[in-house]
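Both of the next two complexes hold chain A, though its partner changes from chain B to chain C.
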Partner chain A sequence: MAAANLTVKELSQGNITILSLNGELDAKTAPEFRAKLDALASAGKVKIICDCKELSYVASAGIGVMNAVQKTLTSQSGELILIAVKKEIRDTMELMYFTKKVRLFGSIDEAVSAFK
Partner chain B sequence: MNELPVPTVVATELTRLIRLLAMTGKKAFHKYLFQPISYAAWEGPKQKWSSRKYMEKITEDLSEISRLNTIAPHCKRMICQAMTENPSALGDTCIFFLEAIQREPIVSSSIESIEFVKIIEPSLKEFREIQATRSEKLFEEGIESFSPEELQEVFKPVKLDNHLEKVHLDREILTLYQQILAASKSGNLQRCKKLLSTYIIRYKDQESYSDDQVEKLLDAMEKREPGFVEELKNSMAIEIYYQLTKSILEKNLKRSIIMIRKYAHIFEGDPSTPYFLEIDKMERTLYKIIAEKGLMDDLKKSM
Partner chain C sequence: MKDTREFSFEIPNNFDSLQGSRDKIRNFLEDSNFSSLEKNRILLSLDEAITNIIEHGYTDQKAGTITVQLEMNKEGTHFKSSLIDDAVKFNPLMKAKVNPNDFIEESRDGGMGIYNYIHLMKVEYEERPQGGNILKLNYTKKV
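== the complex of A and B ==
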């Protein structure tokens, strides 16, 4: 998926989907990201890890998308987990109280273990 | 060919834009409101009644079902008369007409209402674009000069340590919710929409907000009037953006930031929401300046 300034690469590890985000998640890129997450949820892929190592900015529009998708996933016994979140991104998420609604880990392995 | 009635959300937004226009001065008011109406020949001749007198008469007529079809033609005469008076009279009468359009379907589908919106909408949308750029600039300048303490204050959650304060707030929320239920039961959907909008904007970020109950109520309203939720969402976004722009013009930056955060909290990144991109730009400015000033850690401590 390629947006104005966000690219999302998708990988699968068993029943877990790993999305690597590169760029900015703002009002312009959030709709396409939302569509991607909704499509995964509709296909029953409800265990999702977002690798945020290359994510350089997140706006409330992006956090809003993750929050809404988190509600959908948890209602289907799934979850959205974030990994490798930079300090600035984590700070913004904390200001929006989003870190209370999502689990954050350092690596893919840790996140995969958390799903088990 | 019959034309479509004026959508409530259009009337709501035009009302808000006229209020903002009034805050920006006489020159803009003349250019974006007076001139288009004058050019459309909605001016004079001077009537027997003043615009104020018209307003009183039309207000009485609004409660008489048999007179509702006369509201729009009277509103047109009232505006023509206001054009011969002063800018305040013109602004008041335009807002009055737009509010009547929002209130009564028969008014929104009248020839006069449709014509009126066609006259004022293009210039007010032009004003909206100019104002959006201006607001972004003013917001950036204002936030640049904010002290760390002021920023911390804005990001503090509402703390209800004082038991009495919490009781007072809970009571206020409950009262408003009861009013919404009453309006819903009596079938007054416009009032219900207004109250719900106030309730959600004011309290969605509070502990006592009844999320499940509001969802149930919205589902019921949507069944009764398809499109209710969409219209409510649009009018809330317009209201928040209006409050945000107003607070920027009044140099009340604290309120501006609160409105940006409320918008984010309520609409959760839904791109179909009005003013989605405009608010995103301001948010980016806000976080950029917080980062530049190195205030993030202090802000988090204050939360």
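== the complex of A and C ==
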């Protein structure tokens, strides 16, 4: 039986960090994702865009990570912004009211502009 | 000819089982009349319930097995499932209600799994006489 799989690729654009997520974010993979976001916040990289184009599933554990980290980032004048979120994942976020707390855009360029 | 399609499988009580479990549920839902949003809501509900059983049902670290039984009517509009475990007794319907506003305002990192599946599915609970639990999550296509 396949183990849950999530890969996270990181690149920087000025003081903005872009994380490209590929796979599924569930109770198995959420702790690794949390560790990645916490490490960025600790390094002062508090403006983060998550590219969700290749993210195919998110459970509440994944949204919980983003919900908690958003507070850390905003307290340091940063923010977590999501782009290219599939409608099914957005539906899950709306169920948990998370769309009240995160900005969603269609492209990296739109998200970068939103930070300015 | 049967009026329903059935499929069942067993998974061990660890998070490594989640991806494979979702893949089987996805495959089962493929041949249905549910929309992609409905399929994801059903998938999310079962995944949250299984995660909750694994995370909280086996506090003594013992190895356990969760049996997942799936059933669909021939029209592909009515889905039934049973999650049968040998974990400690736990009735999620007796759990205090969670408010998503509190989850957001207090920046919590969890505690929403039960809310999600109770909000999305018709839920029934039975205690197994031999120990463990049966959680039934059913969904009928919205008109």
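Definition applied: the second predicted complex is superposed on the first by the 112 of 116 C-alpha atoms of A that agree within 3 Å, B and C clash if a C-alpha of one lies under 4 Å from a C-alpha of the other, contacts with A are read in each partner's own complex, and residues count from 1 in each chain.
Basically, a residue touches a chain if its C-beta (ideal position, glycine included) is under 8 Å from a C-beta of that chain, and two chains touch if they have at least 3 such contacts.
Only a predicted model underlies this, so the values are computations on that prediction, with no experimental measurement involved.
Peer 1: Chain B versus chain C on the shared chain A, clash or fit?
Peer 2: With chain A aligned, chain B runs into chain C, so clash.
Peer 1: Quick one: name whichever of chain B and chain C touches more residues of chain A.
Peer 2: When the residues of chain A touched by each partner are counted, C comes out ahead.
Peer 1: After lining up the shared chain so the two structures overlap, which partner does A:Q70 touch, if you call chain B first and chain C second: first, second, both or neither?
Peer 2: It touches chain C, and chain B stays clear.
Peer 1: Once chain A of both complexes is superposed, is A:D26 in touch with chain B (first), chain C (second), both, or neither?
Peer 2: A:D26 contacts both chain B and chain C.
Peer 1: Quick one: is A:L11 in contact with chain B, with chain C, with both, or with neither? Answer first, second, both or neither.
Peer 2: neither
Peer 1: Could you look at A:F98 and tell me whether it touches chain B, chain C, both or neither (first, second, both, neither)?
Peer 2: A:F98 sits against chain C, while chain B stays out of touch.
Peer 1: Quick check for you: in the superposed arrangement, does A:A39 touch first (chain B), second (chain C), both or neither?
Peer 2: Neither partner.
Peer 1: Does chain B (first) or chain C (second) touch A:G62, or do both, or does neither?
Peer 2: First partner only, chain B.
Peer 1: Which listed stretch of chain B (45-53, 81-89, 225-233 or 279-287) steric-clashes with chain C in the superposition?
Peer 2: With the two structures superposed, the offending stretch of chain B is 279-287.
Peer 1: Same chain A residues contacting chain B and chain C, which ones?
Peer 2: On chain A, the residues that contact chain B in one structure and chain C in the other are 26-28, 34, 57, 59-61, 63-65, 67-68, 88, 91-92, 95-96.
Peer 1: What does chain A use to touch chain B in their complex?
Peer 2: Contact set of chain A toward chain B: 26-28, 30-31, 34, 57, 59-65, 67-68, 88, 91-92, 94-96.
Peer 1: Which residues of chain B touch chain A in their complex?
Peer 2: Those residues of chain B that touch chain A are 155, 260-261, 263-265, 267-271, 276-277, 279-280, 283-284, 287, 291, 296-297, 299-300, 303.
Peer 1: Going by the contact rule set out above, which residues of chain C touch chain A in the complex?
Peer 2: The touching residues are 11, 15-23, 36-37, 39-41, 43-44, 47-48, 51, 54-55, 100-101, 103-104, 107-113, 115-116, 119-120.
Peer 1: Touching residues of chain A toward chain C in the complex: what are they?
Peer 2: My answer: residues 1-5, 24, 26-28, 34, 57, 59-61, 63-65, 67-68, 70-71, 87-89, 91-92, 95-98, 100-101.
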